[in-house]
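So that you can tell them apart, the chains are marked A, B, C and D in the order they are listed, and the count of residues begins at 1 in each.
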Amino acid sequence: MTTTRMEAFSDGVIAILITIMVLELRAPHESSLEALRPLWPVFLSYVLSFVFLGIYWSNHHHLLQAVDHVNGRVLWANLHLLFWLSLIPFTTAWMGENHFAAEPVALYGTVLLLAAIAYYILTRALIALHGRASALASAVGRDLKGKVSIFLYAVAVPLSFLSAWSAFALYVVVAVMWFTPDPRIEKKIAQ
Amino acid sequence: MTTTRMEAFSDGVIAILITIMVLELRAPHESSLEALRPLWPVFLSYVLSFVFLGIYWSNHHHLLQAVDHVNGRVLWANLHLLFWLSLIPFTTAWMGENHFAAEPVALYGTVLLLAAIAYYILTRALIALHGRASALASAVGRDLKGKVSIFLYAVAVPLSFLSAWSAFALYVVVAVMWFTPDPRIEKKIAQ
Amino acid sequence: MTTTRMEAFSDGVIAILITIMVLELRAPHESSLEALRPLWPVFLSYVLSFVFLGIYWSNHHHLLQAVDHVNGRVLWANLHLLFWLSLIPFTTAWMGENHFAAEPVALYGTVLLLAAIAYYILTRALIALHGRASALASAVGRDLKGKVSIFLYAVAVPLSFLSAWSAFALYVVVAVMWFTPDPRIEKKIAQ
Amino acid sequence: MTTTRMEAFSDGVIAILITIMVLELRAPHESSLEALRPLWPVFLSYVLSFVFLGIYWSNHHHLLQAVDHVNGRVLWANLHLLFWLSLIPFTTAWMGENHFAAEPVALYGTVLLLAAIAYYILTRALIALHGRASALASAVGRDLKGKVSIFLYAVAVPLSFLSAWSAFALYVVVAVMWFTPDPRIEKKIAQ
């Protein structure tokens, strides 16, 4: 089985998630710039989620560049990832509407944590299929960034209840860390 | 005619259906975890429908792997399947909002039943085009799983009025049964 | 320029239009089957529009099978078609919500008429690019079905104000007429 | 890295944005043609935004025709463009709902300005990757149209506060200017 349809389906779902989130930015009924002010937390959480979904799309793209074929298990590992990503518009809306209160910030991080774990499982399923000696396996290597992200999310979720903005700052740290696509895979492919 | 655009269009529709369902999970106006509690039936029905649409996408993918070309009749058999799948967000929302009451659970099963029949018709249209001696025909074989699913849905729909949760359990049984993609087709292709 | 992206973009837009229409089918707050009854005109107009969009997708697919390359003019003729198709969810919702009253039925037909004209323009732009001696030109031929559809829509729109249901019946006639994909192009390709 | 998935993802996002905007055209509860009249500013802003998104899709298509491969930086330049485009449904809705009042018209232009800058950055990132001697670089040339657009938007935004309709007219001027896809790239490819 080739990767074409799995890529196309994932592209479709991520493209729709990114654009569905923008529906939460509801146009105010007045035309004054004042009327836009209450939207800033919704906008801020939209920007963060856009970046996270962009990172997942970009990394997914890089990961599948190093992949030859897939099987049923990989398809479901991918659907599992898409499931957690599909909850991001909900947690984004809840976080934005409640001005970054503790609980929504914690739930936002929990969904990111579960998506990161799902991405890790997808990577493992692909390596299991291609073998430990494959270009993919050596490209992914110890997957330090993946493990650090999971650790940071796991710290941020309980931290939300002490200081929601510190948790939010940790999410931004993870986003910045991933912002550049994984050079390991780009290098390995170039070789 | 190649299968490319039929696959792309089906991927698009299923990807959108999966993500549109999540719009029913409306972010509560309060930030307490308590405020999430009333959402659990909506969330539970979302999870079930996500799994069903994932199964359809995965099986559709497997089915078309064994297919060379399509004709107008196959295109319409496919659109017929997509029509019933397109009603799943509606039945999911109705079932979730009414806490798995008898009628919505019965309608949910009816739409699943009609989608299963549509999938069966699509399989038959493809076999009619490729011939009884084709790899596809021998891969699909007697299609026991497909027939058992139709039978279980047909039992579950009237059962909803006696015990909605028993009907729901039957839907879960079908989902679990299909969870692994059809190994018959994978095997035949591998040969 | 190849047709790949124009096909992919059109598939995307049509897939989204088909699934967006289903959002008008809002789940009632009660669980009784009675509560579904007021939805029947919305459902009926959804079914008709699903069939029309399915026909456009299927014919678009057939048309581009016979096409080698596109140019900027074809891209815009295609966007022009997608523009009128994009209004179908609006006219469908208005017609369904107002139980097939005269004005919404007339507007529904007007948009179908403009989409049919846009499809005709797209066909002409493709033939202008490929030449009157091309397989495409001989496959499309006199395009009788296209012209009859435009005529029937042009009759149905004013007829709506006399008898909305007669106009609706004419729309169904056009749908049935187009239901089978154009065998001319299939034949020409097979040759 | 090939351009396939970047094209597919961009097509998906733009297709969804175009169709999501139409959700702002809410079907009135009455069936009279009178009831449609209040929708005209919403419709007019929809038409303008449809044309702008169509232009971006068409130019994106042309641009990537001249491109061989992409890297991580190009992926993010592209996501940056999609981010500003994703705000168009919001600014369109705000402008339409407030009958082209000064502030919404200014914000509409600001987002168009930022999207135009993002498109310019994407072009530069692609030229940086392919080299100043590439077919792409010579096809884009001095990019006069791109620079004039940015200038016109920059004029239109403050002008909105003096005369919103003059600003709106400038947006239409830019749209008309871009309406025909870039013949430079078409010519260069034909060579």
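We adopt the following convention: contacts are C-beta pairs under 8 Å (C-beta built on N, C-alpha and C of every residue); 3 or more make two chains touch, one makes a residue touch a chain.
For clarity, every value in this text was computed on a predicted model and none was experimentally measured.
As for how the two copies chain C and chain D face one another, under half of their interface residue numbers coincide. Farthest from chain A, judged by the mean position of CA atoms in each chain, is C.
Between chain C and chain D, the centres computed from C-alpha atoms are 26 Å apart. Averaging Cα coordinates per chain places chain B and chain D 37 Å apart.
Residue positions 8, 12, 16, 20, 23 of chain C each touch two or more of the other chains. For chain B in complex with chain C, the touching residues are 1, 5-6, 8-9, 12-13, 16-17, 20, 23-24, 71-72, 75-76, 79, 82-83, 86-87, 89-90, 93-94, 97-98, 101-104, 107. Of all residues in chain A, only 7-8, 11-12, 14-16, 18-20, 22-23, 25-33, 36, 47, 50, 54, 57-58, 61-62, 65, 179-181, 183, 186, 189 touch chain D in the complex they form.
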